[in-house]
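In the two complexes that follow, chain A is the common piece, with chain B as its partner first and chain C second.
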Partner chain A sequence: MASTKGLVQRLTLSEELSSGCFFIGPSPYSTELLFIMMKPSDSVLLRRQKESMINLLIKAQRADYNVTAYHDQNSAEVDWVALGDFDISPIGLAIHNDFYSISGYGIPDNVEIVFDSTNLTITVQPDIVRPHWVFVAELPNAIPVGRNMVSLQAPGWSSDAVPIDVHAGPPATVRVLYSGSPRTNPYTVAFVANPAIESAAGGTFSADPVLTQRTDFHDAVNYCLRTMLTETEDLLRQNNLDTHIRFVTIFDSTLTANNNNSLAQELNPNLMLTRRDRLRPFLARYFEVADMVMVLHGSTTHDRATAWYTTDNANMPGTAYTYDGVNRLHGHIPEIPGSAAIPISVDQTGHTALHEFCHGASDFNNGRIWDLYHDGPSGGFDVNKKFRANNTDPIPNNFANYNGTNYNSDQNRNGIGYPIAWESYHPALIDPTRPNLMDNYWQAFDTPLRCRLDQLTYDLLSDRLRAKIFR
Partner chain B sequence: MAETIGIVQRLTIAPDWACTWIGPTPANTELLVVTDTSGVLRGNIVDALATALVSRREIKAGHADNNGEITYILIEPA
Partner chain C sequence: MEPLHPKLRNELKRAHPGLTDEDIDRYEELLSRRFALDPEENADEINKLDLERIELMRQKMPRYKEISQVFSSKISRKKRGPKTRIKIKPPEKR
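== the complex of A and B ==
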């Protein structure tokens, strides 16, 4: 079997000859002539396959994709065709001012995205680079509309160049940023522009300003992804866990302010809550199912972020664990997704998005990751906070036993210290020099973005995410 | 019934089968196949896979839990 690889430079289809002729090669002047012929003796199956091959070659010509045509050593009649042998994968349409991402493997940190058109080369610095993925929050409109060759390039490293068509607009309503594990129901994080805000008193709905602030929405999504995937806390990227996570955005500026479209409610004086029971039906309208929904809103009066825990579906499979000898479950499928309400004006020097993600990714009934910056309980089973009978009692050395491993307590609450009146205490930190990511990380001596979780929360959330990701 | 979700990274069409690699990156894919394309819709599945490949669209490919024979595909609005 021989193979001929190249662009489909020229094709002719002839009903009279019952055949298609394809000139395949690197340039119009250097081609091999190959053909596909319909024969009276062809079975129905073979005839249909030949039609599909011809179809594929027509699409390849239009897209400027290289094809590989396999044929007998001594014949120009095509037996097989193959399309799509690139080492990177542009995801979705390239649209000015929309998100844009490209996947691949072994992508270096200092990579740039290069768009080559007939007369111009535009280099774009990605906002986020992971070994398997680069992400741009807004595709610059300096890139010429029409056919471009896109590639990733770094000193001493370059990818294949993939032909793409760049569009002037409009930006997509639903945008897959990364498609996650190739499996049923991949663990999905959705970033949604909240269409409407319910008043604190309830029952009245106003348009969320975020729907007229698309650029700020993009910036906020970029911030969320950055804190979740690139800062010191590696919860979501440890062992390349994020290669399995699907990320998607929804921005639908056509929606009116009503009960069905409202995903957030004010809580005075300045908090915004997600309307967690509305999330699943809202996403379903866009054929989406998510494990975590980051609701991005444009309120400037209720701009303090909050989160609601996931409620796992107790009737679906889960992964068992023990906490202080009690049998519990990391549920695999959410009945109600975890969620967080994040203002698009969020202070990007802090860890708000990842902090709220950790709340939301924990479970309402089988272990909540709770706030450590105040003394109170959540009202349920808190994984990361315990209480002494009296504030004068010593903090126990051992905080908890998770899956047979003992975890110590944080005796000093980093350098912040436990206020004298507090009865609560926390698990030992991964980085004892900085506050816990679930505590008041704004008090970090250098930057809040270097704060990490405690080891217990990290291990439990890691197991929980793995249980869901590999369900 | 399983449903593999991802980008169509590669498609090969042979005389009596087609196979496709679906996943988030070229290095992280599931191999799925379409065999008996003599039915009208099976052949169209192969054509739709080719369209999805060149348009970089995410698809969902339905198949049995224990084999990779595609029985349907879904391409959602973008």
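== the complex of A and C ==
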């Protein structure tokens, strides 16, 4: 069996596609002429197979995809056809000013995205680079509309070039940024532009300004992804965990301000809450299901970020764990997804998106990741805060036992210090020189973006995410 | 809930003579605790926490909203510049 590889440079088809001639090769001047022909003696199955091969070669020609045609050594009649492989995969349409991402493997940190068209080569530095994924918050409109070859390139490294068609617009309503594990129910984080804001008093709804500020929405999604995937705290990227997480955005500027479209409510004087019971039905309209919903809003009066914990579905499977000898469960499926309300004007020098994600990704009933910047209890089972009987009592050396491992306490609330009146204390930090990510990270001595979690929260949340990701 | 920025804490104290860190911490605790309650099941308790918090704000820091908005209008501009850059060059040999 011989094979001929290359682009379908030219093709000629008979009427009713009963035969086709294909010039296949690396350039128009270097081709092999091959053919596919229906014969009266062909079985129905064989005719269908030949029709499929002809259709595939037509589509490959239009898409500029490489093909390999297999044929007998002494014959030009094609026996079967395979599409060429690419080592990268553009995700979704390339649309000016829309998100754009490409998946692959072994992608170096200093990679650039190269768009090669007839007259121009345009190089774009991605906003986020992971070994399996590059992300651009807004595809530059300098890239010519129409056919481009896109590739990833870094010094000493390059990917295949993949033919794509670049569109002038409009940006997509629903955009998958990364598809995560190939599973029927991948762990999904959704970034949603909130269509309408419910007043603090309730019952009245106004259009959320974010729907007229698409560029700022893209910037805020970019910020959220950066804090979640690229800063010092590696919760979501440890052992390439993020290769299994699906990221999706929804921006629907056609929606009117009403109860059904409102995902956020003001809380006076300056906070915004998610309307957590509205999230699932809203996402379902776009055929989306999420474990965590980041509701991005455009309010400038209620711009303090908040989060609601996940409520796991207790009737669905889970992964058992023990905390101080008590049996508990990392639920696999949320009944109500975790959520956070983040303003698009969020101060991007801080860790607000990841802080709120950690709240939201924990469960109301089986372990809350709680705020550490005040002395109060949550009233439920807090993973990361305990209390002494008196503020004069010494802080115990041992904070908790999680799944058979003892975790020490943070004796000094490093980076900040416990106020004398406080009775609460926290687990030992991963980085004892900076505040806990769930504490007041704004008090870091250098940059809040270097703050990390404590080891106990890190381990428990890692296990919880894995339990959901590999459900 | 996003922690209170230390600079905003200082500005609140500057704007409200007599306001103590303990007052602010109590406010933060009341605010934070409402997010530990399931809004579908604990509406009454959330309402109680909100009433106590709003009363604390009214008594101790009546200019909270104004001060926080001025603060966030200054701070929220600290965005990073775009990392996307474009190089345009003649096409390579085709």
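As a convention for this text, the second predicted complex is superposed on the first by the 467 of 471 C-alpha atoms of A that agree within 3 Å, B and C clash if a C-alpha of one lies under 4 Å from a C-alpha of the other, contacts with A are read in each partner's own complex, and residues count from 1 in each chain.
Please note the rule applied: a residue touches a chain if its C-beta (ideal position, glycine included) is under 8 Å from a C-beta of that chain, and two chains touch if they have at least 3 such contacts.
Being a predicted model, the structure only gives us computed values, none of them experimental.
Asker: Tell me which partner A:Trp80 touches in the superposition: chain B (first), chain C (second), both or neither.
Answerer: The answer is first: A:Trp80 touches chain B but not chain C.
Asker: Who does A:Pro394 touch here: chain B (first), chain C (second), both, or neither?
Answerer: A:Pro394 sits against neither chain B nor chain C.
Asker: Just chain B (first), just chain C (second), both, or neither: which does A:Gly417 touch?
Answerer: Neither partner.
Asker: Once the structures are superposed on A, label A:Ile88 by its partner contacts, choosing first (chain B), second (chain C), both or neither.
Answerer: It touches chain B, and chain C stays clear.
Asker: One more residue to check, A:Gly325. First (chain B), second (chain C), both or neither?
Answerer: Neither partner.
Asker: What is the contact status of A:Asn440 with respect to chain B (first) and chain C (second): first, second, both, or neither?
Answerer: Once the two structures are laid over each other on A, A:Asn440 reaches chain C alone.
Asker: Where on chain A do the contacts from chain B and from chain C line up?
Answerer: Common to the two interfaces on chain A: nothing.
Asker: Report the residues of chain C in contact with chain A in the complex, numbered from low to high.
Answerer: Where chain C meets chain A, its residues are 1-6, 21-22, 25, 28-33, 35-40, 50, 54, 57, 64-65, 68-69, 72-73, 75-76, 78-80, 82-92.
Asker: Show which residues of chain B lie in contact with chain A when the two form their complex.
Answerer: Residues in contact with chain A: 2-16, 18, 21-30, 36-38, 42-43, 46-47, 50-51, 53-58, 74, 76-78.
Asker: Write out the stretch or stretches of chain A touching chain B in their complex.
Answerer: Residues of chain A touching chain B: 43-46, 48-53, 55-56, 59-60, 62-63, 65, 79-93, 103-105, 132-133, 164, 172-176, 178-186, 243, 246, 286-287.
Asker: Given the complex with chain C, which residues does chain A contribute to the contact?
Answerer: The touching residues are 116-127, 136-138, 140, 142, 219, 223, 267-271, 276-277, 300-301, 303-309, 311, 343, 345-350, 352, 355-356, 359, 364, 368, 370-371, 373-380, 419, 421, 439-443.
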